[in-house]
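Below: one structure in structure tokens.
Letters A, B, C and D mark the chains as written, and numbering starts fresh at 1 in each.
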Amino acid sequence: MPFEAVVEQAVKPFDGALWRDLAELGVLSLRTRENDGGLGLGMAEAVLVFAELGRRLLPGPLIWSALIAGLLPEVGKGGLVVTGLDQTRPASGPLMIEHWEGSNTLIVLDVEGVRRIETDALQARAVETPLDPLTPVHQIHALPPGERLADSATCQRLWSEGALLTAAQQLGIAVATLEYATSYALEREQFDRPIGSFQAIKHMLADMLVRKEQAMAAVYAAAATMDGRGVDDPQRMISTAKLIAGEAAHKNARGCLQIYGGMGYVWEMPPHFYLKRAFVLENGFGTMDEHADRIADRLGASATR
Amino acid sequence: MPFEAVVEQAVKPFDGALWRDLAELGVLSLRTRENDGGLGLGMAEAVLVFAELGRRLLPGPLIWSALIAGLLPEVGKGGLVVTGLDQTRPASGPLMIEHWEGSNTLIVLDVEGVRRIETDALQARAVETPLDPLTPVHQIHALPPGERLADSATCQRLWSEGALLTAAQQLGIAVATLEYATSYALEREQFDRPIGSFQAIKHMLADMLVRKEQAMAAVYAAAATMDGRGVDDPQRMISTAKLIAGEAAHKNARGCLQIYGGMGYVWEMPPHFYLKRAFVLENGFGTMDEHADRIADRLGASATR
Amino acid sequence: MDLRYSEADQVFRHALRTWLAEAVPARGKSPSIHDWEARRAYDTGWQRKLFDAGYAGINWPKEFGGRGASLMEELIYYEEMSRANAPGVGMNFVGVRHGGPTLIAEGTDQQKADHLPRILRGEEVWCQGFSEPNAGSDLAALRTSAVRDGDHYVVNGQKIWTSFGHVADFCELLVRTDSNSKHGGISWLVMPMDLDGIEIRPLPTLHGESDFSEMFLENVRIPIENRVGEENDGWRVTNVTLRFERGTAWAADIVHLQQTLVSLCELARATTRDEETAWNDRALRREIGHLSAEVESVWAMVKLQVSELAKTGVPGLGGSVIKLAYTELNQRVFELGTRLLGRAALSRDDVDGMPSLGMVDRYLQTLSLTIAAGSSQIQRNIISERMLGMPKEPRAN
Amino acid sequence: MDLRYSEADQVFRHALRTWLAEAVPARGKSPSIHDWEARRAYDTGWQRKLFDAGYAGINWPKEFGGRGASLMEELIYYEEMSRANAPGVGMNFVGVRHGGPTLIAEGTDQQKADHLPRILRGEEVWCQGFSEPNAGSDLAALRTSAVRDGDHYVVNGQKIWTSFGHVADFCELLVRTDSNSKHGGISWLVMPMDLDGIEIRPLPTLHGESDFSEMFLENVRIPIENRVGEENDGWRVTNVTLRFERGTAWAADIVHLQQTLVSLCELARATTRDEETAWNDRALRREIGHLSAEVESVWAMVKLQVSELAKTGVPGLGGSVIKLAYTELNQRVFELGTRLLGRAALSRDDVDGMPSLGMVDRYLQTLSLTIAAGSSQIQRNIISERMLGMPKEPRAN
């Protein structure tokens, strides 16, 4: 999707046509078993796809679909559109649901397991000015029990996969914002030379590249580990990926915006779309702080051995 | 003291002659009442002097002397040399005493108040390789009760003054390391130009200057407030000063060392002496973390009003 | 250094606080950001109220209708305005803080008489025509040309970041009158906004609809008598407003930042996660404590600068130091607020009592602070070259 | 990407681990840092043990007596050496990691035969004569001159940061053979350290006595046949060792850093403040968690680079990325350790079981990492210019 299309998309509600395209490409059924008509891919492949989706700012409840398509194959075909709510670690504050419009079913993860609730059964209020123009948000006030879909072990697996696919999208943001910042630094001239020839800009870009590379390595390593092709503690690697990619997404988007200067403040320019998306992804499947705490807990446990 | 003298001082034990000079200059009796033969100066003046002592890396138990000279005027005259131990917030780990050699009396601050213990009554082991070559350290294993000198209110006042005088010395470190880094950046040439003409160095120096200015303002404001010439919460201002000056001392010394490049690693060069002293001062009268916690507690208390 | 307030200062503060206690509630709620006429009426109405009460042009000399306040009074003024949650300077900004001061320093008697009283009374709104698409950090690279034709300049070019362009009456305009000299070929003009050839296009920002516009100028004829200062001397004229900068520019915002940190404590107390309040999270508390120390020390810098300046009368280069420290710090405070909101940050409006508007929306606004009026990178260059004497970088050929 | 180890890798790891289990304890404690002869014997003795066991020159081609290990084996080698707390490469560093590889790439058959076997067997210690007081970041500005006189070069000048200078047998020496060209006037020589005119002065560092020296060269006569590569082609020769850099240079240190973080957890558990353990301080725990994530991701970068390189055979520029990330991170880890020690950090030796030596002393050592072998600033320049295509800065006139 070229960047102009992203800007246009920003004012649209759920885009059914785009969703059908994604289903046809197999994006929604990456994780569905081949027997059930999916691609049956591992996490190592899934993170490549989701990094690309993040890099292009694709909208829609992508992660929830990929997670649930293993349990409900219909989701992978695009016929059933699901969104979700992570209640595994309840907190005060409103229940905010992304991409409500267009979704038929709400998936809830909590300590008991996985539930599904038909959206017809719920009352939702649209948030008028969502932070990310490409991530419409609704608020719901009550959560009926719904139908039990899977047990808590499955729930934990889905949560881990959700965290890693989110990290992959964050990686995509780190990649895209480095790309945009690089081009702009070469193009934009001030004081009779490209701004990319100033050390202040050079060094910001170098730090962005380091963060991008670190995020990429962490996400790939966590995926290989989840697929059983690594040697580390998968939970620690997933938290590492979510934390490092989250930080890379935020800081690279922030750096991109600063390098764009005044132009970074202009609506039609890419940086702010990425920065806003980075905030949305940070608040899905565990924040940096939560994952840092998880890592410390696991490290501390290994220290007592 | 020119810098060569600092390097020489690094190998000496307690310098009685220097101490007598400082006493004659009135440095040790700044806070002693004029009736008792001191200068009777306020904190606003004392921080100026201590910033200068920090800037010149003067050795010796300066802060403990200044604190106690109000209670024991003999200290201000240099006849009685005191060092001290802050036990107001006990922690595990060894009891480390600075400048033991040359001191006759150990002052202990704890929740009960201020005590004095004659050093003859104690067994101390010299630490062979102290971190700061100008701050010799002894370890003691047991702490007899000693003689009660003042109550807990006085103890709290002394602790606050100690924190602020330490902050003033930290400010001095931030000032000196900026000065050294500035001269070196102008002098040292690489790639056929002074390294101070490269943005990477320029911007490090600018950040160092900002930190120095912030530290100076925080220390002066806290001193004015303690003297009753300010309008803020004195405890919060003192913690602010210790935290901001501590950060400025550490980061500026670190920046100075980096700007010196390989030369920063050479013993005879100033940066490492300042960095090491910054670590010593950080561990006196409350660390940055402790002061940040104190500030948050006071801020949180005001939030419930 | 004495940071206490004198008796006279206390009297000033008391009178101002008393007046604000009545005047602020009487102003009512600010109009929708989309209703430009209502916003102009609201902002200029408040300016008129300030004028009537003797608080307009707080730092303008008395001879030009200002308050002529002392530095300490000025600081108190910003403190009290912020504490009372009074309306901001809004679209009077360019006139009161920038264009007016420039006329005071460099304008002719006629120019002063024409504009100064009207600006102070809220009868004239000004906008700024400085930046261009290719002249941002390098402002002196501006290319909008002014060519003499009889007793007029004929102006052609494009400006950007013209705030309130479509409701302003006058524009402080920088133009190129000599293309052979970069800094020495710029002139400073007062452009009436009702002239032919001026086109204003709204410029949406990351914040959505915004106060900013692009301005296109095609054969706009501006009388030569509207020039302030000599021809080609506009770069110096532009810098004279700095004389008005007495280290107090950010005072109101810093006071607001102190208040924000207290709100953050309240928010943390009201937020629960895992059956404990966020205030119980010592990492968060420590971060708040650290930020509070930074805000207090920046505030102390402002006061120190004001107290030094009051003593010596010599303004320093401290503006860059405060700008750099304050703007970076501001972003960190509101970023922390946004983080603390958790998923409520997915909205830019308040949700269920969670203050997204004051944290998330405000965070987005703070993003321009490290770019506008000299980016952080430019400030660091200024500090290192002018305050520390570092050599300039080699120029491009 | 498959990050699992193959069966062959596991066999390699098992054999190495078994060997280390016996060989490491047998080495005994390392000698005092002041006893140079004992240290030389210790380091070269370990090199000989490695050689006898078939682990010397792990990444040297087999034809030159090396192990010719695969990349994955090399990684495993560093992991196991670090986990077994085996002696480091010590004063064999320059010969095994730098001088030897340069001879392999560019040396004559005679030069190879003279030195390579002896380096591998621990019979030759090398030192480096690259940096000069005025040629640090800008190494190519070096001025030590070599003038031909018959079949010798006569060398005059001063070098700095010559580690192990007074016990080394040979020095890899960069000299200026043409003063009219900067990069194109440098030659690479093998200098026997027993020649007349070489004076070594120990160079104390912030760490106290150190392994570094200054080296003064006065009319030192070096045979022309000791030149490696063509005259004036030394800059290129210097860079060929980079071919040996396969992203694994920091592997052992990163493994050590992972272990350090576990020690930090243990230390936090054993430290009490205010009647609770430091481990109870969530701010500290979170910081440890964050640092652990960074260490793991840098380790993942190394593995990813090795796995890519094994697939494509093309080494990337990743070395600068890993160097920049790892060295800055390393300092942060040991700085946190130093903070955690509290007042025990006033000593550089262990006190009452508090590990000051491993934290404080180590922290001081890490300070050189962001300077040596290309400072962080130089690395950022390399990354932005060579990996992102940013233009070079304008040069000084």
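Keep this in mind: contacts are C-beta pairs under 8 Å (C-beta built on N, C-alpha and C of every residue); 3 or more make two chains touch, one makes a residue touch a chain.
All figures in this text were calculated on a predicted structure; none of them were measured in a lab.
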- Query: Not counting chain C, which chains belong to the same connected group?
  - Reply: one piece
- Item | Chains touching both chain A and chain D, listed by label | B, C
- Relative to chain B, which chain has the most distant C-alpha mean position? A
- Task: Averaged over CA atoms, how far is the centre of chain B from the centre of chain D? Could you give it in whole Å?
- Result: 37
- Distance-wise, how many Å sit between the C-alpha centres of chain A and chain B, to the nearest whole number? 48
- Inter-centroid spacing, chain C versus chain B (mean Cα positions, whole Å): 39
- Item | Residue list for chain C, restricted to those that touch at least two other chains | 281-283, 285-287, 377, 380, 393-396
- For chain B, write out the residues touching at least two other chains, lowest number first. 193, 197-201, 203, 289
- Task: Work through the pairs of chains, note which ones touch, and then classify the graph as line, ring, star, complete or other.
- Result: complete
- chain D partner, complex, touching residues on chain A are 44, 182, 185-186, 193-194, 196-199, 201-203, 205-207, 209-210, 213-218, 220-221, 224-225, 229-232, 236-237, 239-241, 243-244, 288-289, 291-297, 299-300, 302-304
- chain D - residues contacting chain A, complex: 1-5, 261-263, 265-266, 268-269, 279, 282, 285-290, 292-294, 296-298, 300-301, 303-304, 318, 321, 324-325, 377, 379-381, 383-385, 387-394
- Message: For a test of understanding, state which residues of chain D touch chain B in their complex under the given definition.
- Response: 131, 134, 136-138, 141, 160-161, 203-206, 208, 270-274, 281, 283-284, 338-339, 341-349, 351-352, 354, 360-361, 364, 367-368, 370-372, 375-377, 380, 393, 395-396
- Item | Residues on chain B engaged by chain D in the complex (per definition of touch) | 89-94, 96, 98, 127-132, 135, 137, 139, 189-193, 195, 197-198, 200-201, 257-258, 261-262, 264-268, 271-272, 275-276, 279-280, 282-283, 287, 289
- Task: Flag every residue of chain A that touches chain B in the complex, lowest number first.
- Result: 198-200, 203
